[in-house]
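Letters A, B, C and D name the chains as they come in the text, with residue numbers starting at 1 for each one.
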Amino acid sequence: PRPPGPLSLTRAMDELLRRAVPQTPAYELREKTPAPAEGQCADFVSFYGGLTEATQRAELLGRLAQGFGVDHGQVAEQSAGVLQLREQPREAAVLLQAEDRLRYALVPRYRGLFHHISKLDGGVRFLVRLRADLLEAQALKLVEGPHVREMNGVLKSMLSEWFSSGFLNLERVTWHSPCEVLQKISESEAVHPIKSWMDMKQRVGPYRRCYFFSHCSTPGEPLVILYVALTSDISSNIQAIVKEQPLSETEERDRIAAAIFYSISLTQQGLQGVELGTFLVKRVLKELQKEFPHLGAFSSLSPIPGFTKWLLGLLGSQTKEHGRNGLFTDSESKELGEAVGGPVPETLKVLLSGSEWAQSEKLVQALQAPLMRLCAWYLYGEKHRGYALNPVANFHLQNGAVMWRINWMGDSSPRGLTSSCGLMANYRYFPEETGPNSTAYLGSKSIKASEQVLSLVAQFQKNSKL
Amino acid sequence: PRPPGPLSLTRAMDELLRRAVPQTPAYELREKTPAPAEGQCADFVSFYGGLTEATQRAELLGRLAQGFGVDHGQVAEQSAGVLQLREQPREAAVLLQAEDRLRYALVPRYRGLFHHISKLDGGVRFLVRLRADLLEAQALKLVEGPHVREMNGVLKSMLSEWFSSGFLNLERVTWHSPCEVLQKISESEAVHPIKSWMDMKQRVGPYRRCYFFSHCSTPGEPLVILYVALTSDISSNIQAIVKEQPLSETEERDRIAAAIFYSISLTQQGLQGVELGTFLVKRVLKELQKEFPHLGAFSSLSPIPGFTKWLLGLLGSQTKEHGRNGLFTDSESKELGEAVGGPVPETLKVLLSGSEWAQSEKLVQALQAPLMRLCAWYLYGEKHRGYALNPVANFHLQNGAVMWRINWMGDSSPRGLTSSCGLMANYRYFPEETGPNSTAYLGSKSIKASEQVLSLVAQFQKNSKL
Amino acid sequence: PRPPGPLSLTRAMDELLRRAVPQTPAYELREKTPAPAEGQCADFVSFYGGLTEATQRAELLGRLAQGFGVDHGQVAEQSAGVLQLREQPREAAVLLQAEDRLRYALVPRYRGLFHHISKLDGGVRFLVRLRADLLEAQALKLVEGPHVREMNGVLKSMLSEWFSSGFLNLERVTWHSPCEVLQKISESEAVHPIKSWMDMKQRVGPYRRCYFFSHCSTPGEPLVILYVALTSDISSNIQAIVKEQPLSETEERDRIAAAIFYSISLTQQGLQGVELGTFLVKRVLKELQKEFPHLGAFSSLSPIPGFTKWLLGLLGSQTKEHGRNGLFTDSESKELGEAVGGPVPETLKVLLSGSEWAQSEKLVQALQAPLMRLCAWYLYGEKHRGYALNPVANFHLQNGAVMWRINWMGDSSPRGLTSSCGLMANYRYFPEETGPNSTAYLGSKSIKASEQVLSLVAQFQKNSKL
Amino acid sequence: PRPPGPLSLTRAMDELLRRAVPQTPAYELREKTPAPAEGQCADFVSFYGGLTEATQRAELLGRLAQGFGVDHGQVAEQSAGVLQLREQPREAAVLLQAEDRLRYALVPRYRGLFHHISKLDGGVRFLVRLRADLLEAQALKLVEGPHVREMNGVLKSMLSEWFSSGFLNLERVTWHSPCEVLQKISESEAVHPIKSWMDMKQRVGPYRRCYFFSHCSTPGEPLVILYVALTSDISSNIQAIVKEQPLSETEERDRIAAAIFYSISLTQQGLQGVELGTFLVKRVLKELQKEFPHLGAFSSLSPIPGFTKWLLGLLGSQTKEHGRNGLFTDSESKELGEAVGGPVPETLKVLLSGSEWAQSEKLVQALQAPLMRLCAWYLYGEKHRGYALNPVANFHLQNGAVMWRINWMGDSSPRGLTSSCGLMANYRYFPEETGPNSTAYLGSKSIKASEQVLSLVAQFQKNSKL
């Protein structure tokens, strides 16, 4: 049934919520309460499904979060009970029960709704989409505030239990997989878009692997997808991997010495923060080690989203200051000046916003040294709360990879040029060291990097001191 | 590695727990803490697996529950914080965060251990077995106290999330199923034991159904099993169903008018309290309605464990009192006296402890009326905290079934005779009414029963008033 | 190993054949002769596989047929033996053995080669390709003569045993089928070419069916494919079926009243004459009756290849004769003259060779009546050895269909216009009557046709008498 | 419908055959003749299925063979045609067509019936059973004569095409296989009977393999079954393999050095003579080489059916002749005399008819040398038409195995003792040499044997010269 117009809509929402969100049973009866009638929670699902506008959905979620959270009075009362026992100690059983009552009081009422929805056919899938809506609504500021953040946290923690690694199946995609799966896979590939079905066939053919995690309750539905190229050494260029080329019929094992993770995509935005990507990388790594025990190198070939934007920001501030603040050495500035034929920062800012500059060999050559240096710094030195600012770097470093190599002209597609001046990065996985690396990064925030990267960073630091 | 001897064993346990149970990260770092090294939690699993004695395992679980629960100081501190905000209101965000900190403080530390174990290969299965051990240890009083009860509650709630109905697959067992599955099924059948493979073939053949739930991550592993007979009317006798007989080749749909649930078994004791049986009954009911839209009656044919014991208790107390307290009418007493040839209660007590009495036609006839009446009362009138005392009755009534019929000589096997004087009960499921019935039973504790049962109960009541 | 140059090639061929074609064992030893070494026949396969030119392959096949057939001397000798027994009768056993020896002598030696190849991995598939080559070579006159015809007959009869209907699996193609299967299907569709993967998705989606036969030893490999549209009545226009359109999500059973077979393709030319298509139509018909018991009409919607060619021939002869020979009535000739603006037969001949004429509404209208009539005659009246000249008509009539309807502008694609002036035909299958119809057609060559067709034929006959 | 009584039964048979056996079309129409109505051949199948007595079935088959074979007049006529062309040569096409007409005339009419039956659902399976009946009827002399032998030959050749190796699937049986398959397998094991399901579990568990061929059109239906034990060396004793023992959980690859084929069973007697066993042995050998590339020895451990019977025959003739004819040396005779305590041949004849003699250590020791020698001769020296008389030896020698070893007390079961005095034989397969060995055996009838066997044979020969 279509939900009614704006004015009556909020009234309909309130009525729905009153009807559909189950009462929290009294603590004593919590195990003896029958499940709400199936229809009760299904009502919420179908009402929500009928809301075609993002704003409407945001409105409903806001009302749910605000009006059906924790009963603060109950929490306070039970807290007082616990505190009193602290002052007048009784036997352990009494304290533990008081704490359990408090724990129970701290469960928001909407959790019951989500819990019951999860048991409906397709219910978990619905909650994943609901959380995707919630995240989007927060990003677009359609709905805000601590209650919504709390509800998001509750949902995320529920999803984390359900999508626990023990319940994920690794599936490999080949040309024998159902067309439906290949179509889904192809539609989800955002990093290096798939142009045609022959392109797809290549990405699952010889010297390539494509894996995904599905939940064991919904086999064939990709949650997160990882593409791998099997190569003779660590690739420095993405076009060599994704350009359409004549298909080899077969795979020669002894031509394979490296596995390059060249794309990873989360298909369900509602699962953000549920550590699927990390697990998938680790699992595929093991799978490949089993299939190719002689494999010597595992590495990503990753985009550097945000680098151009960051660089343009720097160039902009430099422009304003009309001074040299160490972006380029004197000789570089000179060479660049000749190549661009104008005031360096200003002109570069314009050029690097587009992708045509890559046509000029001169410019490409003049930019290589400074951009490599700046990019190394961007990845290694720029931080957010102590961790790498660049999200891709942060992902691989959390997984325990080493910041291995920065590649000039690693992605010469228009997209690659405009988002990261054509640069790409390798994050290398040494299977034995990912554990310690991960702990070091997450704990002491220290980044493990190769000599190439460290040397570029040192050049940057030396230069910016000038 | 084999755990060491008794004295050093407790020391080894303490050391293991110190090492294996992950620290709870500070609230602020809870999302940034890397997973503990895989080995850390695996250590616990292998140490535990090496404990061959139930007492040793109970000891370790007791220490885990006692020593790695909630930090009561933290809980009190955060409770105080919440209370303070109650008195000096600030913006919602502050209160919600204080509550969240309190919630976090209320999570016992061992939950982190279980959480990480669940991600290991076979981890969830390990936790199911661990909980089975815990329940057994509690039943045997190997370990006691509120901490252990709390830990059991935590485990149960984690298992409930993982074994949520959305993740259960209904599998049907046929003679085409893998032998491994049929062997497992056959070994799990406790109610009406399976004697041979031809017996098994019959139970999955024409006019029979056998279904189980498996978790979607471990297909082919039965968690809870339901046996169904397809009959022409509601069966009153179990031997007619499970005795070996020539196999029909085919099934004639129009000879099928009733579905009799004649056995349900939970294969994993660690999943007690996780509502698998109820869901399975409901799911199979739907499945059968789909396969046989014309099916008129759904009913269990259930044992009545405990009835003989209860009856012997009554007879005992009657013996002591040397009086008549309404177990039998005068004419019954007379008839029984003739049949047993001795003082009624005393002799009956001896006779009903065994199964030979069923050989005497006279006795069988003399006992029918009084035992039917007593049994009706036992099922309908005897309560535990307001719910039916008999666990099988309680299970079906919770599911919304009607107490339908009590069957004299429903199970004439030695087992049936000694545990329930050969009586069996039907609990009938009216698909449209299970919801209301369940709510009525769980809420107002009222039992819906057929006229036969109610009339027997009335006879009992009238008689015991004498 | 690459076969050598032309001169030495024939020598290499002779040497290969000498080596690879097994000796026919003496009659007495026929059961005791060990299989030839695997390599012996595999040699033939790999040599043949190395012949890249059709002419080379034809040469080899010609030499095989010519040089390794029946030993005519043996045949004559055994024939004489049989005849002698006819004159001097002995006991039955003697005659039967003489006949068996004669039968044995009549088996061409190359049959042994084919027999042994059939046992190699992929051997049967090889023989199917070999026969496809043989048929093509005959069509192109690369090789001729009775020996080659005989070998083709032997191969066909062997393939008929192997591809017997009992060994064919009916597979349904859906969007869940492996991409590999869908790609093969799509590449084999010659009648109404598939333009894109969305086009393919539509042809296996709601209101459509796509079935194929595979051999049970090679599941997933289509041998012959049948496309069906599920419609509300017998379709008269192919574009309504194959044009790309928004996909329905679901199928409403009660909107389905007819099943239209709109394309059938043999994927392996080597299986020509092995009655796959006929069986597939019958099998799918049964399948659809089972799925939709209420289905009222089964019919093909078929192209009429050759009609334009035949018509242009008629127009050409008419042109030469400068006379009217009954193609058009006077009023038609007048109307057509106005529409084409020139001498009718000559101009029409030019126009109907192309497809632009369909743009002129006037012309389309003027042509409808005469072309319908002519087409009816072409299908019903034109014969080859007494059977329908048009191969599609002949196929469906053999299957027992009724010539049901001729559809004006049934296929307005350029292809449809140029090959059959846009006309299409329905051959309708009445499930109960296909047997008798087939017998009547094959036996007495009588065509069962609808009133529409018969009336058009009558018009044609009446008109051509003028 | 039940066939009627004896008198009218033959009339009903004749009527059925007249109705059900399709007419052979004239040569010219052979491709244009519609298939007979489905019911026509199905009639035969159901009539035959209704014949419950073997004699009735034999009667029907005899009438079919006799009355619906080749038209001898046609054959003679066409033979004459061919001979005439021999005398008055015309172009090749004419001769080839005459030969083809003759070939066509030589096809018995009942072949058409079988051909059409093969296309019915379950038709091929029916024909396999029909041939089993035919073979049994011949063995029991229920039906005789050249027509029946011819029909058997026709059926065998048809079955050989259908059950060609390219259409056979190798399936491995494990404990995960459907119970139905395991039950079938277990019921078919005649060589070393399976006593219980745990026995079965062992035969498909660690260190064991069980494979079968199924036809690709009926997967899961075993046609011929091979059991393999994976051992450390070539087994000399069957009890070590088939006795029930505690199951190993796992298999250690490096404890496996030999593969012992210890049982092979044809499940369908109707497939006798269709070379399934030979192919299965070869295929399994390859499969095992792939799984265990290091495997050093492949050998059978085979029964020696008929040896006791042959030996008793010898002892009998010796008894009659009252003389020594070289069965035993003087010292052996003496030792045996002491052991049996009576006249040697007579007493031995009695003893060896039973199995108790194996209880006497003395006797066992005294018999070892002479029986080993006699058995070697029985296997190596006794022939039927030049090939080994013992069918098991003949089977393995045809496959190219070497007569490897004779094992004293290789089968101490009552069955083993009574059928072959407890002796068993190993036939060893050297994968590279089976081809040449097979050719040598089938061609020049020469048996390849090991030194042990040859030396025993030499002893026998030396001894029997005395």
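One rule holds in what follows: contacts are C-beta pairs under 8 Å (C-beta built on N, C-alpha and C of every residue); 3 or more make two chains touch, one makes a residue touch a chain.
Remember, predicted model here, so these are calculated numbers, not experimental data.
*Asks:* Can you list every chain in contact with both chain A and chain C?
*Replies:* none
*Asks:* Among the chains, which is located farthest from chain D on the basis of C-alpha centroids?
*Replies:* A
*Asks:* Whole-Å distance, chain A centre to chain B centre, using C-alpha means?
*Replies:* Between these chains, centre-to-centre, one finds 43 Å.
*Asks:* Hey, how far is the Cα centre of chain B from the one of chain D, in Å?
*Replies:* So the centre of chain B lies 55 Å away from the centre of chain D.
*Asks:* In angstrom, rounded to a whole number, how far apart do the mean CA points of chain A and chain D lie?
*Replies:* Taking the average C-alpha coordinate of chain A and of chain D, the gap between them is 65 Å.
*Asks:* Would you mind listing the residues of chain B that make contact with two or more other chains?
*Replies:* none
*Asks:* What kind of graph do the touching chains make: line, ring, star, complete, other?
*Replies:* ring
*Asks:* Pairwise, which chains touch?
*Replies:* A-B, A-C, B-D, C-D
*Asks:* Contact residues on chain B for chain A in the complex?
*Replies:* Counting only chain B, the residues touching chain A are 32-34, 37-38, 70, 72, 75-76, 79-80, 82-83, 86, 92-93, 95-97, 99-100, 102-103, 106, 118-121, 123-124, 145-147, 149-150, 153, 158, 161-162, 164-167, 169, 215-217, 398, 435, 438-439, 442-443.
*Asks:* Across the complex, what residues on chain D touch chain B?
*Replies:* Contact set of chain D toward chain B: 175-180, 182-183, 197, 201.
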